[in-house]
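Paired with subunit B in one complex and with subunit C in the other, subunit A is shared by the two complexes that follow.
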Partner chain A sequence: MSDRNVSLSSALKYKGQGPYLTFILHRIGGSMIAIFVTLHILGTFFEMIGWQIGDLITDIYISPPFQIVFMFGMLFHIINGMRITILDLFPTKLIPYHRQAIVIEWIIFILVYGFAVVTTITTTIARMS
Partner chain B sequence: MEVTIKIFRYNPEKDQRGHYETYTVEASENDRVLDVLELVKGHKDGTLSFRRSCAHGVCGSDAMRINGRNMLACKTLIRDVGANITVEPIMGLKVAKDLIVDMNPFFDNYKKMLPYLINDNPLPADGKERLQSPEQRARFDESTKCILCAACTTSCPSFWASDEYYGPAALVTAHRFIFDSRDEGAEQRLHVLSETNGTARCHTAYNCTEACPRDIQITKAIGELKMAMVTGKID
Partner chain C sequence: MQTKARTLPLSKRGMSFETFMWLFTRLSALAMYGFIFIGIVGALIMGAQNDMSFVEVLRWALMPNTGHVNYTNVPDLSPYATMFWRSVASLFFFTAIAHGVHGVVVILDDYFATEIQRKWIRIINISLFVIITPIGLYVIWFG
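After this line comes the complex of A and B, so read on.
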């Protein structure tokens, strides 16, 4: 057995309630941003030196399905990061209301992400027709 | 009612790795998980090992993962967790046997916070107490309630990643002394907290606050420590 009785799967299964979910999603969002930036740099670089694979990489990250998934991670990372920063700046006054802050965060996220998804889909449909 | 309890078992003398064993006992919905563990130990399998002492949420011995979440077995009623219970040791500390973990890394981190009053100034003229106003006492009241059960530290993802991180319980202890108007050791403690394994490793997952059986606002206390480090002010 693992020496310290902890593994990635046991960590993910821990029932930490709402705040822990935002903690996990924040990290997933951060990783998605890192993947997007890496693809962007690689795609542009390969295109510059004339390698075909550059076009393929660019096609992947500008495709609507990729954008919709990526925007979930990116927008969540930004909005959650703002919630954490605001609470951290006023720990005594605001941290006791962290649960309410998370509810507000989800409302803002759903509105912003919903708008982004609808815009992506309608733009794609308009471009195809 | 019939309660089915699935318990993590590990005997270092026999087992390569841990496994689960399931027991069924008769208990009341007003019994606590600790009572069910006692029933299993008393009537089904005397080799079952777990810590307990006060049985009233005071000593902090029996923190464990109950249905996937850190709780004190003596403060958790069956009616709140249901008749199908899974009990596992807390995470991030080596399992010594069954539900018992090696608490040494936890207490090593605790000791780094200099958990005692530091004040070399002479006593007041009357030679009696160093007085404190109710407001000054209230400033750190919450962090005095800690019973060192480790439910917070072992629910923290940063501690799971490394037990070098002092962990929420140690930071609550630092808070308890730093914000005590009678104490003069704030600078020393803030210096310890500014190290790599100090407050910088708190990424506000809030698992600690959710897990604390004493309802201590741990993330708030850590936030106040971070603020004191940034501003250099303790108020």
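After this line comes the complex of A and C, so read on.
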């Protein structure tokens, strides 16, 4: 068993560069997904059996501000995970280029996330009328 | 030195539980990209380009459950509620929850290092897994 014991606050203060940022964002995104999915399943189930708390959870989850924040964690986890998987499938060939891979990853992330944010806002406006 | 360790063949390294889960995390991620792809292609075949926005297709692709199409302009939800889509959703759900339960344990292990804390992390996670899985399947099949 490892004796590594780092508090979350010192982990966040660590002045790592690009690779560390993707590492910690991957963890934060993964934790967000785990909490979200658990509460979302429970919320939908409570709605089905007629408990008020279910409506409250769904109302929060369907609100655009929540979706915009959550999508950051979710899409980052998905796109960063794709980079990790591709690099780990071909380690000898691709690991030497891991910094370039992170740059490509950020470009893809910004494009997809930006488009998702814009359509979240435009869809909300369109559905209101 | 590090490069050497990385390219050591699996037969020499041995397959521990941790190595197996390391591999499983990557393979389950690949499988989930497959499910997302099926969801996007399926939605487009069912006419999503006219009735759904990009985020709505994304939401459907990330869990192909009819509830995720409820608030869109799709006039008829029945193609989205077939046995096929419920099965894809169930398989996706199993893969995601297995990937996630291990992931959460790995994260928490870095911040809680004593034997007793790690034991509780496992007990709580596995209990949640046992409770959430049937509820999730109920929502997918009867929602």
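We adopt the following convention: the second predicted complex is superposed on the first by the 123 of 129 C-alpha atoms of A that agree within 3 Å, B and C clash if a C-alpha of one lies under 4 Å from a C-alpha of the other, contacts with A are read in each partner's own complex, and residues count from 1 in each chain.
Note that contacts are C-beta pairs under 8 Å (C-beta built on N, C-alpha and C of every residue); 3 or more make two chains touch, one makes a residue touch a chain.
Keep in mind that what you see is a predicted model, and the values were worked out from it rather than measured.
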item	value
First (subunit B), second (subunit C), both or neither touched by A:88	both
Contacts of A:23 with subunit B and subunit C, given as first, second, both or neither	first
Most subunit A residues touched (candidates subunit B, subunit C)	C
Touched partner set for A:123, first subunit B, second subunit C, both or neither	second
Partner chain in contact with A:13 - subunit B first, subunit C second, else both or neither	first
Which superposed partner A:38 touches (first subunit B, second subunit C, both, neither)	second
Touched partner set for A:97, first subunit B, second subunit C, both or neither	neither
Shared contact residues on subunit A - subunit B and subunit C	1, 3-6, 11, 84, 88, 91-92, 95
Subunit B residues touching subunit A - in the complex, by the definition given at the top	10, 16-18, 65, 67-69, 89-95, 101, 155, 157, 160, 163, 203-207, 209-211, 217, 219-220, 222-224, 226-227
Residue numbers on subunit A that touch subunit C, as the complex places them	1-8, 11, 27, 30-31, 33-34, 37-38, 41-42, 44-45, 48, 62, 67, 71, 74, 78, 81-82, 84-85, 88-89, 91-92, 95, 115-116, 119-120, 122-123, 126-127
Partner subunit B, residues of subunit A touching it in the complex	1, 3-6, 10-11, 13-17, 19-20, 23, 84, 87-88, 91-92, 95-96, 98
Complex contact set, residues of subunit C against subunit A	3, 6-7, 26, 29-30, 33, 36, 53-56, 58, 62, 67, 71, 96-97, 100, 103-104, 107, 109-113, 115, 118, 128, 132, 135-136, 138-139, 142-143
